[in-house]
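Going by the order they are written in, the chains are A, B and C; count residues from 1 in each one.
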Amino acid sequence: MKKFFIIAILVMTGLSVFAYLIKPNTDHPGKVELRWVTDDNPARRNQIKLFNDTHPNINLSLDPGTNQKVVVQVLAGVGPDLFDVYSGQLPNYVKSDACLDVTDKLKAVGINVEKDVWRTLDTTYIYDGRVYGFPTNAACAGLMFNKDSFRKLGMPFPKGPWKWKDFLPVAQKLTVKDAEGKIQQYGFMFEWSYFPMLSMQWGGHLYSPDGTRSVLDSPENAGAVQFMHDLIYKYHVSPTPNEQTSMASQGGWGAGMINLFGAGRAATMLAGRWMLCNLRNFEGLKVGAAELPYENHRVFWGYGRATTVNKYGKHKKEAFEFLKYLASTEYNELINHQADSIATVIRTTYTDKYLHDPAYPEEDTNAVWRDTMYLSKPYETSPFIDASKSDLILYKQLDLVRADQKSPEEALKTAQELINEVIQRNIRKDPKLQELYDKLMLESRKKAKH
Amino acid sequence: MNKEARKTATALAYLAPNFIGFVVFLAGPVVFSLVMSFTNWGMQKSVPFAWIGLENFTELLGDVNFWLYFLNTAYFMIGIPFAIAGSLILAIMLSQKLKGITVYRTLFYLPSITSGVALMILWKALYNPETGPINTMLNWFLNTVGLNHVIHAVFGTTVTPPAWLISTKSILGLDVDKIGMVWKQFGLGARDAIIYMGIWTGIGGGNMLLYLAALTNQPQELVEAAQIDGASRWAIFKNVTWPYLAPTTFFITIMSFIGGLQGGFEQARVMTGGGPAGTTMTMTYYIYTQAFDELQLGYASAVAWVLAVIILVVTLINWKFGNKEMYY
Amino acid sequence: MSTQNELAGQQRTWWNRWGKVTSSHLLLGLISITTMLPFIWMVLASFKPMADIEKINPIPSVWHPENYIEVFRKVQFARYYFNSLFIAAWVTLLTVLTSSLAAYAFARIQWKGRDMVFKLYLMTLMIPGVVVMIPNYTVMVHLHLLDSYVGLIVPAAFSAFGTFLLRQFMLTIPSALDEAAEIDGANSWQILWEIIMPLAQPGLVTLAVFTFLGNYGSFFWPLLIIKSEYLRTLPIGMLFFDTNYGTQTNLIMAGSVMSVIPVIILFVFCQKFLVKGIQLGAVKG
């Protein structure tokens, strides 16, 4: 018996040594190791390689961790050197004291964030007047279309500016049924996460101007949601959730809708240029882009991602070199070429390299994306509630409308109530928020008196 | 050192390795989390740590989401009586003296022993509304074979296969953001899909083995006496076997409840992400999201302790009720 | 006349017996097939080309055993296998060792406070696991043991259940043997290893099998601790595999089949112990 255990212990110890030996070796002697938490997009590899090639004393590597745990890692002192922040997440990180303030450092190296970068990206890296990182890419909403679908029906390629009512007949013509009446090609596909954009177009808002309460329950918003519902159930140009989800399963970044478009099951879709990364894999697919239709206001969603430096990282100086790299012409030209959406530095989207990339001759509509960036705005947020929290509540309600189980008005009303409840709860818990809230309420009362 | 003290020292020496781990990873954390549930412990640096007494508890009791998730957890336990009955039936069938009976026993037990992420991913694929074999089979029966024609003739409507994991419906027609039942939500949805999977996994598992052991050890004199008296098979079962199995049934029921109240985590995380619209969010998954996504560790600890108390209460109720049943 | 009746009677009982046996087998066989259907589908699907997945015919039109190789190319599946087996082995070894020693202290030595401490162990069995996950995670964070083998192995190696199970088992060993050895001058350590452990072997094997299987499929804790791909165990690996490549059902099914095989193998070899163990665990109730 004893012998058995002794042998077992020896074997396990041996295996442990083995496990230690086969641990992936990430050390490069003489170089500073930088860890960047970002999504595991194949495009990142070239972006990282370019940085490493031009900075021989640094070895940057990708860590595909999930964002929620980054905060915990940083606070535990084991955080990455660089990590990405998406629209709406920055306040949380700044409040957790995770990001390095680089306002002065950037100015010192001649990077002017107000002039060089798209305005719509501000909220991803600027908070309370201070700069905490640099944008990694930019994107806006546009209408992507399958050129062959249009050619087959002898229709001219779409071109904006145009309104949704002009778009509808086009989408209806492009909704093609087969002999048994089953829809083979949908005229238009879109994701419901674009609701805030339609809200802006219809003239609605998500929050009151001071962010103290949710104002989802408005006729304008109801109109926008009703339109989204009608696209599916009245005009039948978009699939029901059942139809759509069963055509694909989960995976990657927005895989479902993109794959269907690539496979020719949709003639147009509400898209971002980054979808080309995936669409370029579909042989024979010719994609064009046009300005997205609008309703009462010609405004579109502009968004992006920024990378920030870990305030408690051990290699802040080298990490800052990466931020400088993000502002460089080489990096921006690379992401234009990769369609990792659009360059963040405006001037690089006026070059011939961008407009007519020799590697992709069919993509001749790149100007559309650039021009739409000027018309784009980010979604409204409130300092009193985390965007991820409010999104959860809002989209749970909108999901029900999309499944035809609730009316737009009811859904918006419920979402508004629930969001306001959370806001009140957050204010009660955090004394700083309470201060801010009282200040804003006082100001709004003063304004009301006049 | 006297004998008494030496014995204690020896005992403690043997106990030490296990006991240290026990304190650090079991007993200590239990106390720690209980204490933390009375604070606002979280990861927001901007909010100073503070003792907030019962505030976490009043908050969670007033939160409709908590009750919805509790309802979801309770809903999943609907399958328990069916699973127990199924285990019993299988055990009865396996208790026959038949050649090769262990082969069948192995096959029945297989789903239970292999249960885990891999199986849940399998069922996720099975339940896929368009490509999954379950709906493909249903579609075949309804449309190719023509069952829908019959249904149409009798009821005036046709039937479409359920959307399973992406549907918010349920057999009880539970409403999605309030407590209540709604006609529109009546159907087969994610919750039911998970229940069926649970029954399939558990029916031939440990419970069946327990029943089998009990049945094998059943004293035959009573059974034979009843047979001689001319009692039917059903009467024998009802009056002799079932009461004999009462302690086993009692144990199985309690364990099922304890397990059921804590369950649903893997299913939610692997198959549905808690959706659609929060309908598969169970207590354990809620605690997980509160602690590790929202970083509200004090609040999550409070919810965890409420769950512990619920389990205790349910066990006590079961105990009292079961004890009465045991003596006939 | 009576002989004819007798013969007829014999024939009837012979036929009855065979009829019963056949119908039992038929019924059991039918149920077995129904239970096995998902498994059968899983295995068949793992050999299918993607286009066949939604066809009603469960059998592949073309057999693609290279799907399995593809899994190893798409993700570090071999690593996941190693990690799951390695970690489960360590946890099993540590659990069995520490639980045996502790059970010996509870079952064989009379010491002050013994019953009180044992009651403490029993009480923790009643607490839902999720209660301790949160503090344990924070401890791991502070000890910088996140994303490490140690963090995965050590917290899982301490089980009150193991101690409880082995104590019950040891209590069934007659203490007369102990006393005889004591008279011969053996000390407690020798008694433990020469007498108790060999006799407790069935209990040890049962605990080992249970612990191994339990840890192999463990999901919650690895989900919290594992960040890097090289550390992933099979459950976590399968989860991410499905998240990133979920559209390729055939590959996913191949991965699932491979995840499940070690369990089936272990089970077939250790059936006896598992069945016994469940019954043992239920006795105390």
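For the reader, a short list of remarks on this structure follows.
Criterion: a residue touches a chain if its C-beta (ideal position, glycine included) is under 8 Å from a C-beta of that chain, and two chains touch if they have at least 3 such contacts.
On a predicted model such as this, the values are computed, not experimentally measured, just so you know.
Of all the chains, the one whose CA centre sits at the greatest distance from that of chain A is C. Ranked by number of C-beta pairs in contact, the top chain pair is B-C. Measuring from the averaged C-alpha position of chain B to that of chain C gives a distance of 18 Å. Spacing of chain A relative to chain C, judged by their CA centroids, is 42 angstrom. Centre to centre, using the average C-alpha position, chain A and chain B are separated by 38 Å. Listed for chain C are residues 97, 242, 249, each touching two or more other chains. In chain A, the residues touching two or more other chains are 69, 72, 249. Residues of chain B in contact with two or more other chains: 128, 130-131, 292.
Across the complex, chain A is touched by residues 40, 43-48, 59, 128-131, 163, 166, 168, 176-177, 184-185, 275-278, 292-295 of chain B.
Listed in rising order, the residues of chain A touching chain C in the complex are 1-2, 5, 8-9, 12, 15-16, 19, 22-24, 63-65, 69, 72-73, 76-78, 248-252, 255, 259.
Note for the complex: chain C touches chain B at residues 21, 24-25, 27-29, 31-32, 35-36, 38-39, 41-42, 45, 53-56, 58, 97-99, 101-102, 104-106, 109-114, 117, 120-121, 124, 126-139, 154-155, 157-158, 160, 163, 188, 192, 213, 217, 219-220, 223-224, 234-236, 238-239, 242, 249, 252-253, 255-256, 259-260, 263-264, 267-268, 271, 274-275, 278-279, 282, 285. Those residues of chain C whose C-beta lies close enough to touch chain A in the complex are 82, 86, 89-90, 93, 97, 141-142, 144, 146-147, 149, 193, 197-198, 201, 227-230, 242-247, 249. Across the complex, chain B meets chain C through its residues 4, 7-8, 10-12, 14-15, 17-19, 21-22, 24-30, 32-33, 36, 90, 93-94, 96, 98, 101-102, 104, 106-111, 113-119, 121-126, 128, 130-131, 133, 136-137, 140, 200, 203-204, 206, 209-210, 213, 247-248, 251, 261-262, 265-266, 269-270, 284, 287-288, 291-292, 297, 300-301, 304-305, 307-308, 311-312, 315.
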